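Two complexes, one shared chain (subunit A), two partners (subunit B, subunit C).
Up next is the complex of A and B:
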């Protein structure tokens, strides 16, 4: 009888100790994916069925409303700068000496011809602010089924397979509203800095095209206490 | 100022050890239907170097023309040679120019830019009278574009940006200055623009310099789905206010078809039919649009991943004459772009866009 009671109690404790509730899981995932005040230096490789292009990126992320992205060099000679303020994204055209608004309907297009969209590059909102999330657990992963709850969500529906040890997605599947698999996203490497697990190498595959694979490697990750507001201004963009 | 700029650049060039270098080469073949044809080789070299507070940018353009490069086709019913206004043809000569050359000194919230660079004040795509610092017709596919010398100081604090521009023209009276205040807002991005500039106006009897004051207000929003914008502009010269209004929208349908439409009303524009004097004055002063009501259209259709069809046009709603550029571009491999364009006008002999023979343009280019 005593053995049975001990077994029952230990089962209850193990559930309490080792299984997390939904909010805890989402909080941990968001802590890793929606990092504020960070500067990245990254390389991006875009492969399609004909050739490969490389570019170097600089990203300043203050919060979900202030993001600055600069293509500092690329193998095809295209350099550009982007500023995200609130929901608007501005692109600076050096040859025209002006910045133009990338309209909401164009944000879903490929960033510099990659399989990552402008939204993928600049999105930094908390998952729970954008999606209604259902959490399922299997042996290896927490599976997040995310349905868009705001109109400007990057995707209508996506599924994220979260690693249980580090609370980072191993893989994400992105679906159309008709439930067709559009893209696959993988985090292949990560780095731990101050209790945050940062993706270090990510791969996005566009499944609608024969071969369109984009790999981003974050070479430098510089977590700051505070990033100046002045990086996220028209003056800095149009300098 | 130009000499000072040159000296600064010479002084700084030894410190600019490493730089990005880009080449863009284009071969263009122009054919004026049943008139003539010529070709051009165009090499554009970009040099850029920057660090955390200084940027140097130069764009050098070499353009070599081959063949008979006469292209100006005047109004058919007006004899310009009698009044000596315009030669029958303009011959293009080879050109070697810095089209952009500037130094930019900046920190996070401030920017000082000196040199040759473009300045645009309006939200519009094809034409706005607000763009006093530089304007080039999108239908001019032949002339080499060279930006004028400017001095720009810009300062931002969060969502507000204040910029001052001074344009150094050859004589003091034609120099231009402008102050631009921009407020970024998720509902309405707004710009207020004020400037002063003098303008030389010619007619057959005299040449006069007119001082203009320009006040402009622009609003841009994408809060309602498609992007919407409008510009209100008042040009005050000789105590008379001239009003201009512009409004437009754009949208991409099904991620394939982009359309941008703008309407422009010049309340002081000329009424049709245009007289010979109106047309001669247009040539003398290089006026771009002289009428009252216009519609601009830009549309791009993505046929396939590497094939695009586009159409740009200006329609004069008074005399219903039109100029349009149809373009088919094909990007067979990365770094190689080919295109075929046709420029065509539809109008009567004294309409703003009078009938000219079609101009065909074939281009092939690469960049690395």
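Up next is the complex of A and C:
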């Protein structure tokens, strides 16, 4: 009997100690997903059945409302620049020598032709504000099942597989309302810098096509104390 | 008159080879004129038929935000609820043959291997069938159209690797902007000959489109087919009173949709006219040259006639009739040739499908170009050739009467 009681108590204790409640998990994930004051140098590869495009990117991220991306070089000669300032997004077209505001249907287009839409980048809301989230757990991951609860949610239904060790996603699956898998995102590797985990390699697959893969590899990650506001201005974009 | 014609025939056939060579550019010019305008008339007619039968109907009720030039179809901007009063009016109007609601949005059609951008139209099978001819052009023939099924343009199919009865995925955004998709089973293929339909359009059930977009009872437009004998403007006038109560709605007619067709048609007519004018100018110069040579050859003859008291207008008339006869002969042969070719174009047409492929030629036609056969136009072209002959022979004939008689007879 005593053994049974000890076993029961130790089970309750271990649940209390090692298992987290839904809000705690979401809080950690949302916190870890937001990176601040970082400069990346990355390469992006966009592959489909007919073409492969490579580009080198320079990214300045002050917070989720201040993002600047510049294409340093690309196999198709594209040297666009992109600025996200508050809730507005601007694309500077070097060929045209002017910047355009990304709005309406343009938000649904792929960022620099990739599987990632401008809308994916512009999303500032907390996951809990957009989705009804159910958390389930397996050996390796917390699986967040997210169902859109607002009319303008980016996706109808998605699943995020959160690594238990670092509270960051390993994989995200986008489903249709009829439960068909449409897109997959993998974050294959993370690098820890000053106690913050940064993704090293992200792979995005559009499953509506046989081969449509976007791979982003972060080659240099510089974590700064503070990034100057000058990078996040239209003047800098159009320089 | 008969005398002058007989004389002209006699004179122009004094030198058969020269006359034959003079006739050639006139024959060619008139044939080209008839064929070119037959083809342009036919293209114009078939384009408008294709537009009305498969795209615009006779007219549409749309939101005031709708623009025919807007390529991105935003249901939030152009969607509207159809007022009951308008539905009742259309049902009771004696001028209306049928009307049907449409929901139009853009999306991607995928077979899991390829993804193609398409226009998705949500339709109500029975009323759509009465208003448009699209559903008469399906393979296999279909009697009904249900939720979960899709009809696609035959040119869309060639980019996809699927069999009949396969399942497709349509991916788009809901009215709220959410990325979503739905599965549909291929019911059939549509082949209308209208590239706008065959190359990029798919049809699903209207309720499926509504459910996917989350737009309730909203529609993109109401397409209206008027009875044959009804004038578009009579209907618009009768509808004006009802429509004026709904300032957010407006009417667009097939003529509004045909603006581009008309612009391309007039540009092509203009450029063809220049080409034909050049040919007829060459023909006219040829006639002038032939008459001039004929005058030089018959200098003594003309001098004798004038010395014997033939008035100037007789000499003038003689050469003008010669020019007119060459013009008429060339035009007549051109009319016969052009008429025969036009008849062929009208009855059988030219199949350009292998040449056009996916090229946008501006007309909503992609396979067979048919001409028109209009006797009046053919006769007009013939008269034009004769007129060119008269004008071209005027200058040389004037020279014949201006020359000094004594110098001619020396």
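Here is the rule we go by: the second predicted complex is superposed on the first by the 214 of 239 C-alpha atoms of A that agree within 3 Å, B and C clash if a C-alpha of one lies under 4 Å from a C-alpha of the other, contacts with A are read in each partner's own complex, and residues count from 1 in each chain.
The definition used in the following text is that a contact is a pair of C-beta atoms (placed from the backbone, for glycine too) under 8 Å apart; a residue touches a chain by one contact, two chains touch by 3 or more.
Keep in mind that what you see is a predicted model, and the values were worked out from it rather than measured.
Participant: Could you tell me if A:119 is touching subunit B, subunit C, both of them or neither one (first, second, both, neither)?
Facilitator: Second partner only.
Participant: If you stack the two complexes on chain A, which partner ends up touching A:208: first (subunit B), second (subunit C), both, or neither?
Facilitator: second
Participant: Which partner chains sit in contact with A:76 here, subunit B, subunit C, both or neither? Use first/second/both/neither.
Facilitator: Only subunit B; A:76 stays clear of subunit C.
Participant: What is the contact status of A:180 with respect to subunit B (first) and subunit C (second): first, second, both, or neither?
Facilitator: second
Participant: On the superposed three-chain arrangement, identify whether subunit B or subunit C touches more subunit A residues.
Facilitator: Of subunit B and subunit C, the partner in contact with more residues of subunit A is B.
Participant: Where does A:219 make contact in the superposed view: on subunit B (first), on subunit C (second), on both, or on neither?
Facilitator: neither
Participant: If you stack the two complexes on chain A, which partner ends up touching A:140: first (subunit B), second (subunit C), both, or neither?
Facilitator: In the superposition, A:140 touches no partner, neither subunit B nor subunit C.
Participant: Looking at A:149, would you say it contacts subunit B, subunit C, both, or neither? Reply first, second, both or neither.
Facilitator: neither
Participant: So subunit A touches subunit B in one structure and subunit C in the other; where do those two contact lists coincide?
Facilitator: 104-105, 108, 209
Participant: Applying the document's contact rule, which stretches of subunit A touch subunit C when the two form their complex?
Facilitator: 49, 104-105, 107-108, 117, 119, 148, 150-156, 174, 176-178, 180, 182, 206-210, 212
Participant: In their complex, what parts of subunit A are in touch with subunit B?
Facilitator: On the subunit A side, the touching residues are 50-51, 53, 73, 76-77, 79, 85-88, 94-98, 101, 103-106, 108-109, 209, 228-231, 233-236, 238-239.
Participant: Give every residue of subunit B touching subunit A within the complex, in rising order.
Facilitator: Spelled out, the residues of subunit B in touch with subunit A are 20, 22-24, 46, 48, 55, 57, 59, 104, 106-111, 113, 117-120, 147, 154-159, 161, 163, 182, 184-186, 189, 220, 222, 225-227, 250-252, 255, 305, 333-335, 367-368.
Participant: Provide the residue numbers of subunit C that touch subunit A in the complex, in ascending order.
Facilitator: 72, 74, 108, 110, 112-115, 169, 171, 173-183, 214
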